[in-house]
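Quick one: the structure is below, and I'll ask about it shortly.
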Amino acid sequence: MSRLGSLAGRIGSGLAPIALLLAAWQALSWAGAIDSTTLPAPAATLAALARLLEGRGFFVDLGITVLRGLGGLALGAAVGIPLGLLMAVDRRAEGFFNPLVKATYSLPKTALVPLFILWFGIGSVTNVLAVALSTVLPIIIYTYHGVQSAPKILIWSARAMGTTERRLLWDVLLPAAQHGILTGLRIGLGFAFLIAIAAEMIAAQLGIGKLLFMYGETGAYDFMFAAVTAIVLAAYAADRALVAVSDHLLRWQEPAHGRTGS
Amino acid sequence: MRVLLSLAKLYPLLLVAIAWELAARAGLVRPIFLPPVSTVIAALPALFWSGDILAPLGTSLYRAALGLAVAMIVGIGLGFLMARVRWIKWLLDPLVSLAFPSPKVAFLPIFVLWFGIDHLSKIALVAITCVFPFIIAAEAGARTVSRTQLWAAETMGTSRSGLVFRIILPGSLPSLMSGVRIAVPFALVSAFTAEMIAGGGGLGGDLIYAQRFFETTTVFALLLVMLVTGYLADALVLGLRRRVLRWHEG
Amino acid sequence: MPATDPNIVISDVSKRFERRGQTFTALEHVDMQVAQGEFVSIVGPSGCGKSTLLYMLGGFVAPSGGQLSAGGKPVTGPGIDRGVVFQEYALFPWLSVADNIGYALVRKGLPRAEQAAIVARYVDLMGLRGFETAYPRELSGGMKQRVALARTFAYDPGILLLDEPFGALDAQTREIMQDELLRLWRSNRKTVVMVTHDVDEAVYLSNRVCVMSHRPGRIVEEFPIDLDHSASREDVVVSATYRDQRNAVWLAVRRQVTRASGGAAA
């Protein structure tokens, strides 16, 4: 309850400066200091956003993008978390996957989109796979480091109390890796929307990325700004939701240990 | 001996390459989807000498570097201000936390509207992508400089600008270098992505072009070049960090 | 005191560490036997290898040379027969106080009702009532240490290995917990090996005190302690026996500490 209260308080105190900036921007627009055709005033953007939110079409596009992003992230997590765990507990697995992870880590992930279009055509398969491949690497790495950072003494004391190697994974390694896994997921979430939208901008029939481009080409700039606003808010909401889940899961952790929130 | 041993550790890469080669050679997949790895590697020298790699690589690096420089200057400035000036912190904090998780590529159509489809829109996308890691790193870094350190410097006659450049900046360097390590791959990926979306040459533009015309070998060759570029950039940052932070942590 | 067959045997144990390419000997020629039901303390200057010796008994760290056995079997790894209380508590931070205390009981597969009863008993015994659902981060150092003791006592291992188990407690709680340990030990006669740097504590609690030297660590002197533990704390502490034995051990430790600091200066 108090957590909700403090969240509301934080958002409330954050709203004031944003409102101030928007008001200044609006005033400059009215005064004619800003060209409102290429930089629509906040009021015009809000009006366009309201119109967008009235129809169903916009939600379909936004929903498709969000589903692609989250679907790809889920796939990345479903592969990345077990793989990271395996690499942390099995030397041979580590020896095999570590060079592969290192070699692919520095590939700019959106660059896979053209290749996937070639393989899977334009659409959700390409999109979800590109997101999954981009998110899987940080998730693997953070899971791996999370397990590695499990204090030796906790492993010892679990063993002294009769914990088998298999239970050790559930009882000690996985809980100790929680912070790492959640950090990896948060980084992955950041990539997820980026890759999903970028892939849609490169080639797509549906999705918010496609929509943005269409507004840009037809000169509907107030709608373009409105759609960007919607994306920013959706990404912010998703990030906050993940942080809230993390904070709840990590409520046992020392606050000084750096919860994911910022 | 050591070199051999560390090379032997890379055997999984070799296995993947062999599997790739065999799959392509055995005709399991059509070469238009997956050319043999040997073909891709064999294509590299020709692409290299004809300038089909170096020229677009130069273009992409130019865009990434310029955007990174803008992000660095603006981001470090804002971050220091946020650490020292209360009202700027109040004003910018919500903006930063709102913009930080947003997918910056969504701003690209706006930049194209403002700056056209040539260099400038891409540089803008790189800058907006990289500015947030710098803001956060600079603010965190400046906060590690203690009041007593600043007082000590002031009593020894340091001017206000001297405080920034001689005390706060060096004190924030460890944190700033972490920011650089995050920002550099961001710069590369956003430059390539902007080129893939908005065209205008560069490695990203050429990649899309090759894909449209089913020049799959070139697609793979360019992917390889991007990967190596990313790897070398990170190695460069690590080397730089080691040099710059020699005083840090003994 | 108890003169049954030895429960713990440490023979000619040594331990070397690699440190920046150099090997250095932490423990050398350590010989020690602990009888069934005996309470032995190991005291010595900080860094002399007390924790390392205990870790080897726990089976977490292998000796570089020599043998260790417990309950007639060579130590090859951790076992539920040897309960360990670590200097750093080693509580599971993601489990509540009650779940920490009950952890080994779950592993043992005790019926739920029995688990709950044992946990409740130790929560009461250690004065943790009201903190059952708290996480370790919400506890003071002393409370964490009590949870660590409760967690080990709760599953009733035959051998207790205690690494500075009262180190983080304030003087008052410390005495209460010492008396509690003594009461527990008198009622069930576990074999106890306790590491401490507190000479008073070692003498007050043990049947025998072993003094370790520094670098390489080995047991240089042993003092059989002969106190009437059924008497009250006050009676014991003011007795001449206690005072003499305490002074003897204190002087022996003192010799080791001065030797160690002299060696460090050289």
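Quick notes on this structure:
Read from first to last, the chains carry the letters A, B and C; within each, the first residue is number 1.
Basically, a residue touches a chain if its C-beta (ideal position, glycine included) is under 8 Å from a C-beta of that chain, and two chains touch if they have at least 3 such contacts.
Bear in mind the structure is a predicted one, so any value in this text is a computation, not a measurement.
Set against the Cα centre of chain A, the chain with the most distant centre is C. The innermost chain, defined by the distance from its C-alpha mean to the mean of all protein C-alpha atoms, is A.
Rounded to whole angstrom units, the spacing between the C-alpha centres of chain A and chain C is 48. Annotation: 19 Å between the Cα-based centres of chain A and chain B. Computed centre separation for the pair chain B/chain C is 53 angstrom, with centres defined by C-alpha atoms.
For chain A in complex with chain C, the touching residues are 151, 153-154, 156-163, 167, 171-172, 175-176, 178, 251-254. Chain A meets chain B in the complex at residues 13-15, 17-18, 20-21, 38-39, 95-97, 99-100, 103-104, 106-115, 117-119, 189-190, 193-194, 196-198, 201-202, 208-209, 212-213, 215-216, 221, 224-225, 227-228, 231-232, 235-236, 238-239, 262.
Contact residues of chain C toward chain A in the complex are 55, 58-60, 77-80, 82-84, 86, 88, 90, 92-95, 103-104, 107-108, 135-137, 151, 155. The residues of chain B lying in touch with chain A in their complex are 9-13, 16, 32-33, 90-95, 97-110, 112-114, 136, 185, 188-189, 192-193, 196-197, 204, 207-208, 210-211, 214, 216, 219-220, 222-223, 226-227, 230-231, 233-234.
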